[in-house]
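To keep things simple, chains are lettered A, B, C and D as they appear, and every chain counts its residues starting from 1.
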Amino acid sequence: MKEIGVAVIGTRFMGRAHANAFRQARAFFDPPLLPRLVVACGREEVRLTEFARRFGFEHTATDWREAIAREDVSLVDICGPNHLHAEIAAAAAAAGKAVLCEKPLARDLAEAQGMLQAVAGAGVPHMVCFNYRFFPALRLARELIRDGALGEIRQYHALYLQDWGLDPGLPLTWRMRKELAGSGALGDTAVHVVDLARFLVGEIAEVCGMLTTFIKQRPLPNGAGLGEVTVDDTAAFLARFTSGATGVFETTRVAAGRKNFMHLEVNGTRGSVRWNAEDPNVLEFYSLDDPPRVRGFRRIVVTEREHPWAGNWWPPGHGLGYEHSFVHAACELLTAIGEGRPPVPSFRDGVAAQAVLEAVARSAAERRWLPVHP
Amino acid sequence: MKEIGVAVIGTRFMGRAHANAFRQARAFFDPPLLPRLVVACGREEVRLTEFARRFGFEHTATDWREAIAREDVSLVDICGPNHLHAEIAAAAAAAGKAVLCEKPLARDLAEAQGMLQAVAGAGVPHMVCFNYRFFPALRLARELIRDGALGEIRQYHALYLQDWGLDPGLPLTWRMRKELAGSGALGDTAVHVVDLARFLVGEIAEVCGMLTTFIKQRPLPNGAGLGEVTVDDTAAFLARFTSGATGVFETTRVAAGRKNFMHLEVNGTRGSVRWNAEDPNVLEFYSLDDPPRVRGFRRIVVTEREHPWAGNWWPPGHGLGYEHSFVHAACELLTAIGEGRPPVPSFRDGVAAQAVLEAVARSAAERRWLPVHP
Amino acid sequence: MKEIGVAVIGTRFMGRAHANAFRQARAFFDPPLLPRLVVACGREEVRLTEFARRFGFEHTATDWREAIAREDVSLVDICGPNHLHAEIAAAAAAAGKAVLCEKPLARDLAEAQGMLQAVAGAGVPHMVCFNYRFFPALRLARELIRDGALGEIRQYHALYLQDWGLDPGLPLTWRMRKELAGSGALGDTAVHVVDLARFLVGEIAEVCGMLTTFIKQRPLPNGAGLGEVTVDDTAAFLARFTSGATGVFETTRVAAGRKNFMHLEVNGTRGSVRWNAEDPNVLEFYSLDDPPRVRGFRRIVVTEREHPWAGNWWPPGHGLGYEHSFVHAACELLTAIGEGRPPVPSFRDGVAAQAVLEAVARSAAERRWLPVHP
Amino acid sequence: MKEIGVAVIGTRFMGRAHANAFRQARAFFDPPLLPRLVVACGREEVRLTEFARRFGFEHTATDWREAIAREDVSLVDICGPNHLHAEIAAAAAAAGKAVLCEKPLARDLAEAQGMLQAVAGAGVPHMVCFNYRFFPALRLARELIRDGALGEIRQYHALYLQDWGLDPGLPLTWRMRKELAGSGALGDTAVHVVDLARFLVGEIAEVCGMLTTFIKQRPLPNGAGLGEVTVDDTAAFLARFTSGATGVFETTRVAAGRKNFMHLEVNGTRGSVRWNAEDPNVLEFYSLDDPPRVRGFRRIVVTEREHPWAGNWWPPGHGLGYEHSFVHAACELLTAIGEGRPPVPSFRDGVAAQAVLEAVARSAAERRWLPVHP
């Protein structure tokens, strides 16, 4: 069995999701390269040690440079805050390591482009972790669209609502500071539905956006009073795809009762699909090819052998959860590297999504439509 | 335009539903006989007068014999309590009038059989108001089954849950007294899913039942203390159809939060359908004829021109409510009489359902399976 | 019983909905003025005669001027195509008649303002038929918001998707011609969710819109080739309310599989509500006042005595359909006239909605945000 | 860190679910004993080797006796076919090892009782893997019931529908042979809802059952023609709990379109809960404690810190899948052993469920109600 040594940088939400993904890829799939969890990297030593023990890392490092420098590491997985992505990616690429990076790729378009240049220049494999592409139901949606089951696509609607920011007492973390995160809900959650728009429909030509910050100050983590929230907590925009299709996007962190409510609908000339992250194993599909009296949105439980990745897990109807999307993403990365082909989605996709975010942010500031410059 | 004079006996829930049905049949359909609301009949004069005014009856009568005797009445519609059904039906039949009767047809099988003999002997048209057969979605279900879309039917499941009896302070009305109602939830609500079982699957050969009365005493309406509840508030039974299919039935008046939750599922060798009265315009349909990767229960919004009765109302997606089922039933009755053919469902269907109820009640008492004797 | 004579102008979808509403208001409610269906008005005589017979009109007229002129008519109900609204309303007002008008009030803002001046100048009662305000579930939503159950409202999302225009073979009717309709999906369906936005959240300060016509030519009804579609079939816009709340709106006639899919969500600082026209008896409600472990969107079946209008119909759980909203609207109109107070929503609300549509249309043309001028 | 050596016997569906559970328990929880996957046991060597490699077992064994005999094994996990449970459990107990056994505990009640005697006699910890108890939503249901939120429980309804047996071409495996499985759908799937009935409501006093085998012959796996199916593929029964509550149970392997459709509802005097395995992160809860106008089934997304086990996984709304229930079960077992208290559910629960199955099977044969003898 061929193995590849992995360094995971970051031990929180995403660090855990990625470490788990590599472990489970090994248990449930047969990628040509098996991931070895060589080194976990984080700044808080106690937390890091526990993280490494839980997921079975061989080593720990509190300095990411040290992790990257290891000879037994060939893949660097960047799960830290957004402001660290670029520097780590550049260093990893310079060291000849493959790079997996959490979304959004960077704080802004220029930074993202720099990262793409770094990895492309170094010739290393690169992937941005748009994990939603790897839900079986959304992959099935993509296949149906590709096969023409929806005809020509005309409309894309995406609502992505959360409420974790609703409590004004929640402290000011890096996700609420522009210098660290780049943007707020826009880069954190809208970026997913932007990527899915590209995945399912195609390139976005122009946008018109609105960014809002409902909660403008929050307690500083150190207890020293209030600090300014410098990013949006709500973002919405209209879009026109290059194909002529229309897009409507909205995302927020402050919609009471919505936990991870990502609601997507795509309408074409021959049919439609709908998906909701709160019921992730189901794809709804409507087809004009059905006889008129029995037309209706089918609730497809995407857990059959015929469905992407499903056959590697459990019998039909025994659904998967959120984390499985990362396992499938890890498999794609390991397979692509193993087969010597570029992983998908790559940093190019990360840049393309970032270009949309950037146009939305500028459009919101200028209060008019703007083209997306990739 | 040919008309038929109608007497409606009963001014409460069912009286209102029926009076409305005849009115609306005239406004939205073209039956060969147009109903004329000749006389409304009830015991409380104030209520009766208001009822008659609201629905446009030409006359009122506090004695049902008087209503039946009118020469300008050709159709007698029985909407009063169960213990009055038999006598009124017999009198109407003897007077040569067509008879429409609310369900359950009677308090017990013998009484129901007597009613059938009365109407059949008199040669008058007769119908029992199993209104659920007239929801477009359930009619579509029937058509799909008849056309073989489900293959051979194997299983029928019906839950019919309500909670109007949950409050122990609710007074003891006729629906809770055996001598007036015959039975409780069994005859009131189970009878609907029994009729639908016959409508969708076929005859029931044998049953095994369980009747329960959770609330055994209730305040007397006159305030004179508590009286005994002498009927079931919860009924459940297993069944075997003559075809070999299995049936599971449950109904109750005391399931907290369930208002009119009638949940039906029919499974066959080639597909399944599901319906819920709380979302009545939708039929769910699963078909093995679909390609494996897109199999799923379709949510058919049964409001298209292709669907039963729907084209007479509103454009697609503009749904109907509970009362519309009665309008469609009235149309069937008026059409059958006009065309000189027997209406469906007839008193024969009322008797057949009653035979099932009777077998369930006896089975519950004897604690064993019993055949259904029609 | 005091009565009011009604002229209904228009015999198609809306004519039928309104005629039925007046009839049913009389059967199920007790407005201080009972509607008398005096005259039905339409251009096609055969259709008109049948329409009048079905709903019990006393007279017919093929010229609306004649209908308005009748002394026994005190209320003129305008259900014809949009381009006729203004002239009829002005004539009715001039004749001192109360006026009910279908939405959108007019083809454009100026025309709507003229209509408001006409009725206000004449001092006659006036109402615009935004029937969705009269669904019990949406009325409950309004009450919850008014009572503070959602806290301060921050976000409003509305998707209103239909697919009746999806077939490119559908002929070019007045709804697709700017000179007759004013706009397409914008005025026909978006107007409902604009009115509901005002009803639930408040005034809209500014908008940024996108109008699209996917199907640009359609067969002429006379068979003489193709004609140009001169209105949008898809409309979307972002909005900022004067309160600072954000709004996202989308409507279309060409979303495959969506029949009358109006999906509304309102998020506030203390809770949220959601409603969908395909399941109209249900309001979903989330409240931060619930204990954390049992927080969730409640599926309220809005058919209880405690709920608006519900007690006049059927027992709990026996749901209403689309048409009932018009019955409730008719009751409001009759009650307001009877009580000598202005009906709600009035032509002022019609103008306010039209101002939003106008700003959206101009914004779409100018490709930038524009204020709403009322 | 204290560890406990585990032998997993069985490498198929359940072997994989259990091996994964132990691995993940270590990564996401902090049981006082950390599981060491010492030895995997299976009969097919190639499959076994791969299984061991995937999940990180240290050793393999094709003879379960050898696995049990290992000194470094303290916990024997039985995931093989039902007919092997008793012998392995007895041997493990005799060797002083803790025992975890898949459900149903045995082929019949006597065998199950023998197993209980073996483990109890040996004084070793024992657990039966009723994994559904460990879904956070069902655990929350239990807590709500225990806390009185539903009042006195009156009714339990359970439908558990699958369709994997629908294809008559599916070969005759051990699950369809009485001598190997004991029973069919009854022991395989009904047993889950029987256990949940005991978990949520209490002991079952008597039952009346119906067993059906729709597909009576199937191809032999060796290709030598058809063999007899000697177990039920559909089972239904009525039940009375010792508390007086009623129960209705149905399960099948042949309901077209149902994959793992376990639909549970519990009604009490103060409220109700509903759960469905196809949407496993959600618990629906209705409470009479809510104000009348906002009563409705809440859709609780059971992924909050306040919810059982949820805080160890992902942020709110990022749902879990089927396999996570096994992880939680493993944690309970490891914690109980570590703390020196009996794990729950134990073999006693396995026996109690088996007693119900046995009574159902005999009742079906005798066609009458029978008491459950524990």
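The rule we apply is simple: contacts are C-beta pairs under 8 Å (C-beta built on N, C-alpha and C of every residue); 3 or more make two chains touch, one makes a residue touch a chain.
What you see is a predicted model; the values in this text were computed from it and never measured.
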Problem - Most distant chain from subunit A by Cα centroid - result: B
Fill in the blank from the handout: Counting C-beta pairs in contact for A-B and for B-D, the higher total belongs to B-D
Completion exercise
Whole-Å distance, C-alpha centre of subunit B to that of subunit C, is 35
Fill in the blank from the handout: When centres are defined as mean Cα positions, the distance from subunit A to subunit B in whole Å is 53
Practice task
Determine the centre-to-centre distance between subunit B and subunit D, using the mean Cα coordinates as centres, and give it in whole Å.
Solution key: 41
Practice task
Send over the residues of subunit C in touch with two or more other chains.
Solution key: 258, 295-297, 301
Practice task
Provide the residue numbers of subunit A that touch subunit B in the complex, in ascending order.
Solution key: 140, 143-144, 149, 282-285, 287, 290, 292-301, 304, 306-307
Handout entry: subunit D partner contacts - residues on subunit B that touch it in the complex
Key = 150-151, 154-155, 157, 159, 161, 166, 208-210, 212, 214, 234, 236-238, 240, 246, 248, 250, 252, 254-258, 265, 267-272, 286, 288, 295-297, 367-369
Exercise for the section: Over in the complex, which subunit C residues touch subunit B? Could you list them? Expected result: 1, 13, 17, 19-20, 23, 26-28, 53-56, 162, 164, 258-261, 277-281, 301, 303, 313-324
